[in-house]
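Please find the structures below.
Two complexes follow with subunit A in common, the first pairing it with subunit B and the second with subunit C.
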Partner chain A sequence: MKEKGLSSFMNKNGTRSVMASLISILIGLAAGSLIILIVGISNPSIGIKSAWDGIRIAVAGLFSTGRDAAGALTFGFNSTSIGNMLFRATPVILTGLSVALAFKTGLFNIGAPGQYLAGTAATLYIALTIPTTVVPAWIVWILAFFGGMLAGAVWGAIPGMLKAYLNINEVLACIMTNWIAANLVTWLFDVSSLKNVLESGKTGYIYKTTHNGVATPKLGLDAIFPNSQVNAGILVAILIAIIVYIILNKTTFGYELKACGSNRFAARYAGIKDKRNIILAMALAGGLAGTAGALYFLSGNTEFYWTTYQTLPAVGFNGIPVALLASSSPIGVIFSGIFMSMLDIAGLQLTNLTAYNEYITDVIIAVIVYLSAFSLVIRMWLDGRRRKAKAALETAAPAEPVPEEVKAQDESGAGIAPDKEAENK
Partner chain B sequence: MANDERYVIEMLHITKEFPGIKANDDITLQLRKGEIHALLGENGAGKSTLMSVLFGLYTPEKGIIKKDGKEVKINDPNDATALNIGMVHQHFKLVDVFTVLDNIILGAEDTRFGFLSKKTARRKVLELEDKYGLHVDLDAKVENITVGMQQRVEILKMLYRDNEVLIFDEPTAMLTPQEIEELMQIMRGLTKEGKSILFISHKLNEIMEASDRVTVLRKGRCIGTVNTSETTKEELSRMMVGRPVQLVVEKKPAVLGEEVLNVSDLHVHSNMYKREAVKGVSFSVRKGEIVCVAGIDGNGQTELVGALTGLEKSSKGKITLCGKNISSVSVKERSTAGMSHIPEDRHKFGLILDFTLEENLVLQRFKEKEFSKKGFIRFGAIRSYAEKLIKQYDIRSGQGAVTTVRSMSGGNQQKAIVAREIDRGLPFIIAVQPTRGLDVGAIEYIHNQLVRQRDEGKAVLLVSLELDEVMNLSDRILVMYEGEIVGEFDPKKVTIEELGLYMAGARRQGGEATA
Partner chain C sequence: MTFLIRQTLIYAVPLMIVALAGVFAERSGIINLALEGIMIFGAFAGVLFVRLVQQWGIFDAARASGDWVTLQGFMLLSMGVAALLGALFSLLLAFAAINLKADQTIGGTALNLMAPALVLFFIRIIANQNTLQMATGDSASWFMLKKKMLGVSGNMGFFGETFLNKVYIATYICIIIYIVLAIILYKTRFGLRLRSCGENPQASNSLGINVIKMRYSGVAISGALAGMGGFVYAMTTANCTSNGDVAGFGFLALAVMIFGNWKPLNIAGAALLFGLFKCVAASYSTLDINGDGVYFLKEIGINTNFYRLLPYLITIIVLAFTSKSSRAPKAEGIPFDKGKR
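Let's turn to the complex of A and B:
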């Protein structure tokens, strides 16, 4: 079979995944626009012109630069928005990696919020309690960073162990450890001396890490994106994504993890220690979620509002759509994570500049999440469309995947037989 | 003969192409009224494609279909149903939680004022049951009845819809020998009442027994149609594979070497059945011989293999491999000590179906120096190793080394496992049901490979439920019954009937019968 050029590119698995994700995104944006339009038309105080404004901001909020003197929306390169987008993307990329890595190894890590909290708590404790007068701030930063990672890993390993040794479904165990983490962390800060008492009027906040002089360096990113919160954390997140990609795809360790995830029995048959690998996979996933918390709060300009952590942090759960949208590809997670935070920024702009608020972008995210869960269906739809186009043209182009049965026929000769009986016995 | 009215279905010069492949190339199949017509071919020969054309799932590029001499167009399964063509798929299409009656009428319900009226339906089904001797409890839930009974439900479904042409896709694949016998009787009864049956299979025994005529397909082409009474199994297998097939393996007398595996007083507790599944088994396997463990399924063979390979724990006893006590070491260590394992369930244990062929070929070996360096996989080395094995063992697949194993045919999946296990060059090979579900060509191949290993001085332990295979391959037969070895035989000095008595527990060596 000869495949060439565009048709072979379009048939690559990766291309099809990306196409499916892009289609999900487009439909999501269209659905959001439709809602904006309906709300605008049905509400006389908004009107169609404002609705049009809303749609433009929802889709391109990242490039909004406010309104001009005449009140019309202006668009352009908004370095602050882009910088903030990268800043917000940092934790979401990491929780996305956490979920994606677990998916790849056959596990569903819904425990990212708890691991994120565990990482946050450990990081803040280390960053705020080690006096920078004695230990240099950069060493404290590194300790806090790895402390957060480790705490997340421990928190992830717990459901991993329950699964490996007692065969308890990791989803259940993760949900429970999430709530244990939420309450544990609340209690921990409740009895701690890290509450922000210096700034008057603030209750329930923990000190920023800058209180102790610890913060992620900007590495010149603040010069590229002035007036934004961006820091080197985003570079660390991207680096980690690349490392995860390498571990999963290039190392024997990744092969083992994936083997256990795809077929635990075959892995055991091959002498791979399946229990150990399940625990390790969950610990790694937890470590990534913990790192998300560490990087977010080590930025120095974020505050941990501990009394609200009776609820779980959304950034943990957002890892799930980020991973889904990226088809669990570690590199894809970088882009889907940035895309999610772009929608966040659009939401802020909506609130600032139009009669709408940021919840519209939540709707868009929700639609995209639904669709990305259906990305397989969309892929099948893409395949079906191609097949139809083919039939219409009656060309013999080889884009259509050859059905299994037919493929096998080419190969007979020495005798190939159905496997069906084996399955049924 | 062209206007022959004896034919109920004629598929004339059917050609169906898929990109790069002619799945059906000018195939003509004529089904006479009231006959059982077998469609024989290896997997991938085009049987299912042809039936899918008849059932309206594919549209052929060329060729016509005639029903009762008139040309018809079948564009989808509804057209086929309207022409009274019915099909029993290999995997039954039944709703497990519905009753038998509900399943039969599903999609063809009688209603009165929009409400189901099952009374007439029940009467009609009961009449059909009596007429064809297909007795099933109509109020039982499908999930609670046996596979054989479920198949009857599928047949009743077709009869309820007044189908005249009945297609059976590998109907015996999941039936017990007794159920197969019953099915054959049912099929004969159906043809007596004027139904015509198309019956897809690759099992020569049942084709010889049940069919009136056989059409053989190979690589998408029709090799010919013969009357069953005028042909033999050898002839059919030659037509199917394209060359003479040895149904019996030729082998030299065994040259015995030193002892490789020794098992003494092995006990295994079965977690699944909560009882002792292997009760004090002792035997040994020497270099250059194939020792076969025969027995009826469920007599402890699975647990014995589990304990030998390390997938299950033994509760008592000693296993020695090449002089090393491996009774309680890990799978990995057993493998290092010299054990290759061709597992019983190739999908559950033997392969990772979503991995590529090359990844599966190094399943136990990816950590070895040859294939990895400082924890990084050496993809180049794996690729060239995989390509070597693919060539040497003739493993065929769509895209070579990078084919996803799931998309490969069963025979080639098994070849991949055999290649992987044999190529490790270890002194002891344990093969469990290595030819299950394969057709004659693949069986021949795997048997020859095992015999070659034995001739090269490997020790082979074969666990098989097929008596033909046992008699054919082994140098020594151990019969297992209820967790014990009840007899040891030389295959040249024992008959299948005699083995059967031991397998059924009616006799045992060194003691009186237990059953």
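Let's turn to the complex of A and C:
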């Protein structure tokens, strides 16, 4: 009886998604550690002892507290690291939500970097140009926040409209709009008067929002995590994740969005306005990515490097792994976003404390994304193992058919929905 | 004018060759979103090879005696190395997309994330900074073709000055490879089979064509071309350095491919057009088109950022008008399943 309870727990879609994600994370960490080890062994100036230090930091960098007098690594509660982790998690949770929401509606929002930039630009422009001597700072904050959200939404709606009315693949439209945004933002700030000219050595940066006295309140979080950048933004991000969860799972609108994602034509047959829903889904996704930019730069201690025309913000792209790791579940995104920024902190510690550098954590993230591209295979493998166990119990177990979703995904061609299986509850 | 043509070619040729890389993958049925990543990886591989060979001092004698033919051979070798490693890297995509039937867009995105991460990780370890440079000298002094090498000291006329002085032979090699591969794609049995796998793989399979093998070849050729294109880009425009970034050229190449409707001739035209924009954006304020000392483009006063975003904007507009009659390979992005009808 007890075994049955366990197997029904293992059968749940959510459990399997979490398992698949955990396996991806473990393989990603193993791959990163392997690279660290190989580099350490083949490079005499690093050596195996430093390699071991590197692996420990890469895995548990969040709890690193530096080195003791003897030069050995020490671990413990590090309030700065944890606070900074929460601060950095804020934008990735939101871009992750952006990508996840699009996935749920059958769209691949690779346009998050562009939407993030659009949001950033609008936010900074509003926060820095409305004088706080006339308008109270908190009103400016709210205006800037919603301005960023709106700009992101507009920028996301463009590929949505191209997809809905002209049937242009949203991946291509998003890539193009990303670069257009990067150039437009550079252009906007190039001709603006917001460049930081007061501090020398800050060429290429826009003023911090504190220049105009606008900053996200800390709400006492700085007392819990002293010496860190944490602010109320993380709470806003978590709140938004919960709102997205409610919209997607508890409202008719969310149901319509998901129906369009599963099969646009069937949804239309059922009387759902598929074009309107595609545009709305992309606008919402864009709004979330725009909010990421807004919250990150409204913190008051972050600076925006405005000549972005050659590079797109990594935060936007990191939304993709965050969403994939969470199997596009809005609540899961909170955790995978925090995990992603934990890796980020580990990367910084790696640069500070060892012969390695922060880019190894990006490699780990890339491996995780690569694995999640065939998460379906991993899940099927998990299924296969379970089926084997079942077959061992019942001698004549009927063969389960291959999940129909695999085929449906091929045929729809409308977009990418790696979580289709999860939809089929 | 000479400067304009020369610069346009420098930008257009990597675009062209990488766009062709996209064509080979997509025509075999695999969406290669990883062009950018493979370019980054290829550029790194090529630059690292140049650096290592320089440190071993193999070509020092040739360099000292001004033996430019040998140095060009060195460059060719580096291009080959970049192509080989680009192909190897792209096999990651092929394996995920073909054997594991993974989502190709996500697989490509993974490679796009992985390439800069890996490259920067190793550059930091090797060079202790964020840019990997040549061990000695610069790109122009080692690999650039100048008229005095050909034994000419005077003016070579418009044609000679434009196409033979201060150019990289790599540019012409890429054009030759481009033409050869375009012919292979359209006029040989292999090309026809490859294209059939991107249109209707089940039909190809029923005729005895090994779809898996064809798709692997498509992706490997694609990776080789993108890797080489990345190195050529790094050598001609970035002074043979690698910093985990090719300024969105891979994505621009993707745009060129779509703009050119997956056809080599159109792609060449589109690449030249986009190359022209890149060139104008980079140097519009000092550009003297007809040699009368008037900087026409500067006097119009259009912001440089406008030229920079123009290629992407045009691509969207073209897509908007042509998406109905788009000739994208029908089976691209769909994992091959023998039993499917």
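We adopt the following convention: the second predicted complex is superposed on the first by the 382 of 425 C-alpha atoms of A that agree within 3 Å, B and C clash if a C-alpha of one lies under 4 Å from a C-alpha of the other, contacts with A are read in each partner's own complex, and residues count from 1 in each chain.
Here is the rule we use: a residue touches a chain if its C-beta (ideal position, glycine included) is under 8 Å from a C-beta of that chain, and two chains touch if they have at least 3 such contacts.
Fair warning: this is a prediction, and the values are worked out from it, not measured in the lab.
Look at A:126: by the touch rule set out above, it reaches neither subunit B nor subunit C.
Look at A:315: by the touch rule set out above, it reaches neither subunit B nor subunit C.
Once the two complexes are laid over each other on the shared chain, residue contacts for A:265 go to subunit B alone; subunit C is not touched.
In the overlay built on the shared chain, the residue A:295 is in contact with neither subunit B nor subunit C.
In the superposed pair of complexes, A:100 makes contact with neither subunit B nor subunit C. Once the two complexes are overlaid on the shared chain, A:250 sits against subunit B while remaining clear of subunit C.
By the touch criterion defined above, A:179 reaches subunit C but does not reach subunit B. Touching of subunit A by both subunit B and subunit C, each in its own complex, is seen for residues 406-407, 410, 413, 416, 418. Listing the residues of subunit C that touch subunit A in their complex gives 33, 92, 96, 100-107, 109-114, 116-118, 120-122, 124-125, 245, 247-248, 251-252, 254-255, 258, 303, 305-306, 308-309, 312-313, 315-316, 319-320, 323-324, 333-335, 337, 340. Within the complex, the subunit B residues that touch subunit A are 17-21, 23, 42-46, 48-49, 90-91, 170, 173-174, 202, 218-220, 241-242, 309, 311, 330-332, 334-335, 341, 343, 345-355, 359, 363-364, 366-367, 372, 375-377, 394, 396-398, 407-413, 436-445. Across the interface of their complex, subunit B is touched by residues 1, 250-253, 255, 258-259, 262-263, 265-273, 396-400, 402-425 of subunit A. The residues of subunit A lying in touch with subunit C in their complex are 35, 39, 43, 108, 110, 162, 166-168, 171-173, 175-180, 183-184, 186-187, 190-191, 309-312, 317, 320-321, 324, 355-357, 359-360, 362-363, 365-367, 369-370, 372-374, 376-377, 406-407, 410, 413, 416, 418.
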